[in-house]
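Pasting a structure here, questions to come.
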Amino acid sequence: MLLSRSWRAVSVLLSEGLSPAWKQTRNHAAAARLDLRGIYPPIATPFTPQEDVDFQKLEENLQKYAKIPFRGLVVQGSNGEYPFLTEEERVEVVKAVRRSLPADKLLMAGSGCESTKATIQLTQKMASAGADAVLVVTPCFYKGKMNSPALVQHFTKVADNSPVPVVLYSVPANTGLELPLDAVMGLSEHPNILGLKDSGGDITQIGLIVHKTKTQDFQVLAGSAGFLMAAYSVGAVGGVCALANVLGREVCELEHLCVSGRLEEARALQQRLIEPNAAVTRKLGVPALKQAMEWFGFHGGACRSPLQPLTEAETQQLRRDFCSNGWLKENVTKLASHTGEASLAWFHPGSLVLIMKRSLVVSLQTD
Amino acid sequence: MLLSRSWRAVSVLLSEGLSPAWKQTRNHAAAARLDLRGIYPPIATPFTPQEDVDFQKLEENLQKYAKIPFRGLVVQGSNGEYPFLTEEERVEVVKAVRRSLPADKLLMAGSGCESTKATIQLTQKMASAGADAVLVVTPCFYKGKMNSPALVQHFTKVADNSPVPVVLYSVPANTGLELPLDAVMGLSEHPNILGLKDSGGDITQIGLIVHKTKTQDFQVLAGSAGFLMAAYSVGAVGGVCALANVLGREVCELEHLCVSGRLEEARALQQRLIEPNAAVTRKLGVPALKQAMEWFGFHGGACRSPLQPLTEAETQQLRRDFCSNGWLKENVTKLASHTGEASLAWFHPGSLVLIMKRSLVVSLQTD
Amino acid sequence: MLLSRSWRAVSVLLSEGLSPAWKQTRNHAAAARLDLRGIYPPIATPFTPQEDVDFQKLEENLQKYAKIPFRGLVVQGSNGEYPFLTEEERVEVVKAVRRSLPADKLLMAGSGCESTKATIQLTQKMASAGADAVLVVTPCFYKGKMNSPALVQHFTKVADNSPVPVVLYSVPANTGLELPLDAVMGLSEHPNILGLKDSGGDITQIGLIVHKTKTQDFQVLAGSAGFLMAAYSVGAVGGVCALANVLGREVCELEHLCVSGRLEEARALQQRLIEPNAAVTRKLGVPALKQAMEWFGFHGGACRSPLQPLTEAETQQLRRDFCSNGWLKENVTKLASHTGEASLAWFHPGSLVLIMKRSLVVSLQTD
Amino acid sequence: MLLSRSWRAVSVLLSEGLSPAWKQTRNHAAAARLDLRGIYPPIATPFTPQEDVDFQKLEENLQKYAKIPFRGLVVQGSNGEYPFLTEEERVEVVKAVRRSLPADKLLMAGSGCESTKATIQLTQKMASAGADAVLVVTPCFYKGKMNSPALVQHFTKVADNSPVPVVLYSVPANTGLELPLDAVMGLSEHPNILGLKDSGGDITQIGLIVHKTKTQDFQVLAGSAGFLMAAYSVGAVGGVCALANVLGREVCELEHLCVSGRLEEARALQQRLIEPNAAVTRKLGVPALKQAMEWFGFHGGACRSPLQPLTEAETQQLRRDFCSNGWLKENVTKLASHTGEASLAWFHPGSLVLIMKRSLVVSLQTD
């Protein structure tokens, strides 16, 4: 009953030429029950020095992530450098993660491309590779023409043809485009569209999306740890947070505090996460995320070109944003000063890191 | 002890030529204790048909506001059309409000001008007129030059020379300028600067401001009802909300629910306020605020030119944004249909409103 | 005949309540004949160390400008710091300029305020003070509401009530608002609106404005020396150029080359003016304009607060932008190095300038 | 001698790890002599109803373009919908164009991808496919990190490894990113980088680029017909103009008038091209370009999804922008009104077009 009503409502938004695939998807109701609640790191893609995907290092990261109470992983989000991977690489990485990931954890795979056709093809490959759901970014090159009807048409066709549920993905900092409210409202009625990852961070808009889609069991995920608590306050159900690659336990702890109503503690923790989060996202980007991962015992490494390594000044800014919030200690060891080579060194619970002339030299697990 | 430390910290931010007034303001410590917690409507300015300030109608509005548990009133905020008033009018309105306002309610008066000199002069007049605090907007015409040092210099000189505490005011939608974090941090240490009204709504930024100023008893007020609950979640202490001119009790109720931790109820109420709030601010502006005030039993009326009355389509959009959230009922009465003249009519608890050919015809108090 | 047709066309754009003043202004046809062609410096306002207007220095600047083939002067444009002046000061400066200015030079006075009412009042005062025309900036504080109907209404009322012709003024870098094409087209038909100063610099838009108003004898002035030649190429008739305060002869020479079709020479000169122009406008603003004026033998001096003096680094950047284009020579004299006090010194044809510890020490006229 | 100086200058901009390929490319001096002067349409890609590339229609368009005095063609620019094509399709289209194109016309092929590695690979394929030069767009997904060093590194590596000369491509409307002046200046010194296609249209910036690269024989092409004359005035040498797909002769005529100094005629023609140009680019995009192509006797057809067909209102707006400038006549024929089916019909020199219920029915070549 709900679905047939929904069907009509969405139809209004669509121009003529509606795909007959709609009929086939009316039975996707099961999809609507996939529960997205919780925290997901949008995992980084480690590369070898030759810029190939380093599956060994990826596997080692996954084993560490397995100990953290994540709801699942996002593979091929913006932090996975997906625009730099070939289609084959994108699928291979998903397969590798699927092999490693415990069955009770969700694998959400990014499958967005610029054209509808390519997005559908990649979506189907991702499903075959083991994705539980796909995360589909707004096409953006022709941003002047990506109005609500075009976006509704695009996502509808993708959802019609996807074997797994679809999560919409709005990330204006990269795309220069915000998914409009009316498009989200229309799409929320599609039986194979589960929710939205909103990385824009307009908290008023997030609250309104929750409000206007509340009859649809539409699930909103905060796209950043910077506004995670605020997003919970207005009705989000989880987060896809770059910072969870680095401070995964802490982000999960924030989720736990928010959900259980321990607001004072939540606020104190949230506040300490804002600057490190900004550093690894908006301010310094993926290279900073990968650098911070190294400091915390994960494999980060270099990005593919044209993303450049951090400069020395940027590395220090990144360090400060973690240190000043109590996540790292500045602690130049005697070893370092003895050799006169290491310019930086930090202790973190469980690891000791020395930085020598901008190259990572030592990352010892100490517990 | 705190103050002398603060003094040094702020001094670093200032270039040479620091005003000697600093010395005199070291005793403003009392100011820091003014407690801003609560809700403030930034009141609208009613005009006569000749575009003069209508003090009679203003007084009638004030008497209605007196029954609502506001913490106080903001006079000459953006919604008061202050850029259209002469300096004399701005001061006269503050005097009128002061005469009417109960002693236990705060009067916060907007005193910002483009030049530092004019701002200081108007600040002093506002204090004489009875303001408990002044709200000082960022100068913005030369926005390319309003970097942190310029803004710190400006607000410091104003605070040095103000007899009453100063609240910073950042409203990018009007000024095209966001008060930068480092400027806020520096200014938070000034003994005569109490807090910030942030109308930008970047919730991550608001959380970070609270975090980085927490040793200073610096009080952050949400500048809009649209993100009020989220702002409370990250540490704001109150709100200056245009919508409180219309739905004052409801905004105060939202405050109450947030502060007392009744989050489910708060969320439900917050969500219903987003659209009416957007309608009277970002989407349709002051003319819509004043139109909505009429519907709810207050005097709104026309704005000064160049602000235009709402078009018929805009009026209907505004109406929908209130109706669809349950704040107004569409209910064309027999009277109206009988005459065939009234195009719209609503009941609101306590008032009956008929709209006849775009003019307000009847607004009956029914309780 | 043309006017009555125009009248009807504008009427369509206006909502009800059209001012009866229209009738009185039908006879403004003479206004349409005021020829704006040529170059105008938007003159800076010199201040005393106490931040009062320095009329003596203003007069000395005017005497120097009198030797340059300007078409006239703009008084109280953005570079005149008009938002920092009181209404009285704005009028007094215009009176002072009028007394000094030769009768054959145009005085265009900025009279824009946020409200229509205040703009009309100031416009009338400017006319009484001797302005030949007024330059009226777009109101901008409520920028979300300043759509074409509001702006058309505003400028129409001002033009209806102005004793002198009106020139529209669009300066998005300051106002955050571009005067839309359809508003310009409508307003171009008003008999008392002569033209537009466009500081936005969108050359396609400028060309289109010329094209769409060509039946109206509507005169477009480039608002910056940076795109002066390009503006001439698409049909502009002159320029109001901040840089003309500093390199007045050179800007007039560029005009001459453009008008007489000496394109190679014009291009070479235009290119050398772009960087100095950017430095005194977009990049470093009015403080840089005033600093550069000092180097070239004019009185610049400090701005009113909150505009700050240039930092040392900014001063050097400004200097480089003049030097690298051949307008100044870096030439530390023996005198300077002897004393060890002067950090900078330049020769310019006709003047020698020494800068000592950020204060101007010597500016000798050498011819 | 010039090259070794250039080499040093660029080296400064590069961080460590400079590719040894530089050595190999020092001999690209010949490249610098490729003369880009003239007009290029960035050709559209026709599709079959199944959304496959329609090579037959492409060929027919090419034969029509062969009669127009273009300098060459751009294949896989933004108007070619390259983000929607697979790599294989991109290369196949270039091969097809090469087969058809007369030897004296330049083929400039778009080869930009997000990663440096993919861009190099595609660049090499494009060269093998017969491109005379490649047009390389700025990577843009990680726009926050695409600062000058990253962009210089990217383009340098591409140019080092390209068998054919490289033309930089800045198109902020699509990428949200402007190629900064300092990056252009550095890259202009690379022996295998010939010039820049600038679609941003900031005429001051274009003039400055010409000025600051004048020792490098760096060729600037206007990226739009809207500012073509202005670009010539400040030193551009040609244009890559979407509108040339539709009004190719007219754009070439504008070039001719500009180059031969017939400024009055050029201005009149330029002005008439602004609105049609805006309609097929910024306002209505590629679907409008393809619609207009149909009206003028070329194959346009539908875009790939998610680009949508024009709505009826958009089609009419497009039509008006051509009609009001004299490029099409509104002329409903008797035939059309007789059947009562055709809603629109135009004559253009050489063709008669009837539009019936939004489908193109007849496009007769009449000469």
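Chains here go by letter, A, B, C and D, matching the order in which they are written, and residues are numbered from 1 within each.
As a working rule, a contact is a pair of C-beta atoms (placed from the backbone, for glycine too) under 8 Å apart; a residue touches a chain by one contact, two chains touch by 3 or more.
According to UniProt, the chain labels map to these proteins: A, B, C, D = 4-hydroxy-2-oxoglutarate aldolase, mitochondrial.
This structure is a prediction, so every number in the text was calculated from the model and none was measured.
Shared contacts of chain A and chain B, meaning chains that touch the two of them, come down to nothing at all. For the pair chain B and chain D, the distance between mean C-alpha positions equals 50 Å.
With centres taken as mean Cα positions, chain D sits 37 Å from chain C. Counting only residues that touch two or more partner chains, chain A has none. Judged by the touch criterion defined above, the protein chains form a single closed ring in which each chain touches exactly two others.
In summary, the structure contains touching chain pairs A-B, A-D, B-C, C-D. Taken together, the chain B residues at the contact with chain C in this complex read 15, 51, 78, 83-84, 86, 114-118, 139, 141-146, 149-151, 153-154, 157, 173-176, 282, 285-287, 304-308. For chain C in complex with chain D, the touching residues are 201-204, 207-208, 210-211, 224, 226-227, 229-235, 261, 263, 267, 270-272, 274-275, 278.
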